[in-house]
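Structure below; questions to follow.
Chains: A, B, C and D, in written order; residue numbering restarts at 1 for each.
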Amino acid sequence: MEESTKLKSLRGSHASDTVVAIGSGEGRVLVGGGHFALMAGPCSVESEEQVLRIAKAVKAAGADMLRGGAFKPRTSPYDFQGLGIEGLKMLVKAREATGLPIVSELMGDKHLDFFLEHVDLIQVGSRNMQNYDLLKALSRVRKPVLLKRGFSSTVKEWLLSAEYLLSGGNEQVILCERGIRSFDPSTRSVMDLSVVPLVKELSHLPVIVDPSHGTGRSSLVPSMSLAAVAAGADGLIIEVHDDPEHALSDGFQSITPECLAGVNERIRKFRTLF
Amino acid sequence: MEESTKLKSLRGSHASDTVVAIGSGEGRVLVGGGHFALMAGPCSVESEEQVLRIAKAVKAAGADMLRGGAFKPRTSPYDFQGLGIEGLKMLVKAREATGLPIVSELMGDKHLDFFLEHVDLIQVGSRNMQNYDLLKALSRVRKPVLLKRGFSSTVKEWLLSAEYLLSGGNEQVILCERGIRSFDPSTRSVMDLSVVPLVKELSHLPVIVDPSHGTGRSSLVPSMSLAAVAAGADGLIIEVHDDPEHALSDGFQSITPECLAGVNERIRKFRTLF
Amino acid sequence: MEESTKLKSLRGSHASDTVVAIGSGEGRVLVGGGHFALMAGPCSVESEEQVLRIAKAVKAAGADMLRGGAFKPRTSPYDFQGLGIEGLKMLVKAREATGLPIVSELMGDKHLDFFLEHVDLIQVGSRNMQNYDLLKALSRVRKPVLLKRGFSSTVKEWLLSAEYLLSGGNEQVILCERGIRSFDPSTRSVMDLSVVPLVKELSHLPVIVDPSHGTGRSSLVPSMSLAAVAAGADGLIIEVHDDPEHALSDGFQSITPECLAGVNERIRKFRTLF
Amino acid sequence: MEESTKLKSLRGSHASDTVVAIGSGEGRVLVGGGHFALMAGPCSVESEEQVLRIAKAVKAAGADMLRGGAFKPRTSPYDFQGLGIEGLKMLVKAREATGLPIVSELMGDKHLDFFLEHVDLIQVGSRNMQNYDLLKALSRVRKPVLLKRGFSSTVKEWLLSAEYLLSGGNEQVILCERGIRSFDPSTRSVMDLSVVPLVKELSHLPVIVDPSHGTGRSSLVPSMSLAAVAAGADGLIIEVHDDPEHALSDGFQSITPECLAGVNERIRKFRTLF
């Protein structure tokens, strides 16, 4: 990262940590600069009843924000593609019921206005980390963006994608490590936790971790959540389902609300001490 | 690819090879089913004079089509982003002067109408192979699409991205191998030539090879072009510049028109014999 | 790991965690089954004075064992190859002076007898994880072995290399994650911490982590050491040098004894609470 | 490869291509400097009758040398480990019957004397490319060595392993590309053919290709063999079995003698023309 003096995403340009504020009023959540957020919820929004039930459960388990996919980037055109705008409306109702700000993925600029009005944190998914038309559109708005690392992107490329957002004027950017691709099929991805302290050394932006995609295996999520916090993460985003075996997507990597409560307890304990 | 009987991109659904027809009239080019095409031109369109000069040179060297980037997906927002619509207009003039059909990359649906009217083969770049909004938009048009493999995408994912195009009704799809990411910095990418016979075994779609991005090193382009043809490729897309050292992008992997003429001669000789 | 009922390295064959005992008498160190060990020392043994000085320093900082390379597997034949048997004798003197058991790498069976007599824990390095002649030789002895994961080996291959040791009769095996190879040059390796809970789920063998090779960057070692412990590691092996800038090898990833003391303090605090 | 002036393996040290001579008398085979060799035979030597039968068949199909594994590096200790010295004796008989020089893998220095006396080309396998004790032992002998690239080794590391042989005095070294590890399970390895022209640009040593391990799929072997020759390879080493479905190892990637005859014919035709 030889251009350190020029890039807005790097430390040289910005002495203190960026703190991103998500939502407003009582439910406002801060991420970065010592503020930690636990985001949890289903991979896909499946129905109003489902998302409401899980939203209440993750809030009770200690979550600060609700995640849920309405537009789903699926490898096959024949897989469930998400409920779209209807799914987003269900998330909005779940926010009204629980007060939890919501984060959801935007796949193109067609629905940008709806996201700007209703979603608190706009996620750019791993497959779109280098979708520069999307990044440019998001650089012109004033809404926090969660930029997931591409599953085979270098740290340099990831920070340069953040630079597209910052250079366009949107400084409310959170980075998210979600695992990289490797030669070993024993886990779905390799969670590259070293990037947490590395990115914090290079950049002032907050960085959170997704241990659900990072491991692809629910039994590994609790210990890797604690490891991510020990590595210095500013937050976690975890897939939670109250009936993982019947989830419409990613059930194998979703934990239950009860498991999330245990994760939350250990994280809070850890953060009190260190 | 267990779902072979269901997927439109696989052999099971389609007995004979797909032949894609690009352009019209005298300059019409066929790819697939025994038809081979050599596409060549600059990485970026830099000026009208440059693209005209190179178009004539690659035509003289034996190229069947002209490639040129007008919208450039660049890792850094501060790098040259291409001439955009103005660049496309220069390509159109070069086509008028030479008769060569043109291929250029589309990065989002904003300029789709212009591409439909003026570009003969629409390229989806490696970073956008899983930009499903873009794929869905292109599935609804009747214009050939060149689908580059993501730089860390599996063959299965690649064919499923093609499936997004086919399932939406656009059957004019050409696949393009352009190298994958590895641990070895000695070449920019690893050209994965085995996918040529593998894809032809699994699918009826034509597959071409990009040895310029595939190797990232101009000295390797001639031998790897011949190797790609020996592996069974239905075409090549090669970056050519008449002054590689002063190219605005990718000069290190561009060959000269003279070098292209030698490549073309060896390919034609090879194809006569096998 | 479909053969779970047959493999001696897997849980199915062994209800309780294996505890490996290293050294004897007062300095005896246990690893696994709730026992944790901190191993530290220089990458290479450079002189008797150096290894004695560092041994005392790491002991004062809280280390349980001394690491030090005498036979060094170097990529180039022209790089420093280690002091060999003379280096091992210096490690033995450092053990006499501090009481710390020693771990060092064996590269072939030529010096096996010397290792059996003088070294407490024999390390098989990453490059030799599938050197089956070496594994077979070590399977016949009764001395603990530290089996590093190959830098591009799957978890399955790693456990099957452990199986070579166990099936030959040596059950005193500790696994060590040391980072895997990836496409990203921003760290020397990718520390694959998820394998810690994964291996503990699959196998009864203890697993430790090497954050020095795992990150290749001394500034990341403290946070990744704590992350490894949070992930469930049974120990750490860390490169320590009191003058990293003048180390004969791997100075860039070595931490100072003072830094190690801080790491040790945080680990002990963590382990008291969880 | 910044050290180009110092390394014996690089062009700077050696103006002309190295030609390696294997075997003696009428059956002598040359590799490099324009000389091409086709090596073929079973993955494992299974019985005297099998190896004799296949040796005659590959000779009839056009092979210049016989390959066969007697000591097999197997991932699991419970898999067939090869016939060892007995297998080598069977290879020697097959050489007597056919005149084909033999190539076989040596896994450690225990059987080095037997190999020196009886084997014409000693193979160092992919897993042992950085087994420096083995390389040092082979650097002191005067027998050609076939150095396979490690399945995750960079070109630089590969040439530096060759440097271990050359710097010790053994200049009869042939390099062999056999595929590298990637994220895509659709082929067993990724055949990295670009290294053929790259290595020939950097080094004076001959380089051959193993399309059997390189693809792991017999249906891809014929086209990738021709592609390797088009890329500039000085030879091929191909697994051949007359009953692939019942081979004790690697049947899925073995071709039949009839298929080899077709491969040989196309290669000879190609080499006549280019």
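Simple rule for what comes next: a residue touches a chain if its C-beta (ideal position, glycine included) is under 8 Å from a C-beta of that chain, and two chains touch if they have at least 3 such contacts.
None of these values were measured; they are calculated from a predicted model.
Trainee: Tell me which chain's centre, taken as the mean of its C-alpha atoms, is farthest from chain D.
Mentor: Measuring from the centre of chain D, the most distant chain centre belongs to A.
Trainee: Specify the angle of rotation obtained when superposing chain C on chain D by their C-alpha atoms, rounded to a multiple of 5 degrees.
Mentor: Rotation angle between the two copies comes out at 180 degrees.
Trainee: Could you work out how far the Cα centre of chain A sits from that of chain C, in whole Å?
Mentor: 35
Trainee: Where the centres are mean C-alpha positions, what is the separation of chain A from chain D, in Å?
Mentor: Inter-chain centre distance comes to 48 Å.
Trainee: In chain A, which residues are in touch with two or more of the other chains?
Mentor: Where chain A meets two or more other chains at a single residue, that happens at 152, 156, 181-183, 185.
Trainee: So in the complex, which bits of chain D are touching chain B?
Mentor: It is residues 152, 154-156, 180, 182-187, 190-198, 201, 214-215, 217, 219-220, 223-224, 226-232, 266, 269-270, 273-274 of chain D that touch chain B.
Trainee: Under the definition above, what is the set of chain A residues touching chain D in their complex?
Mentor: 152, 181-183, 185
Trainee: Under the touch definition given earlier, write down the residues of chain D that touch chain C in their complex.
Mentor: Answer in residue numbers: 6, 73-78, 107-110, 127-128, 130-134, 151-152, 156-157, 160, 163-164, 167-168, 181.
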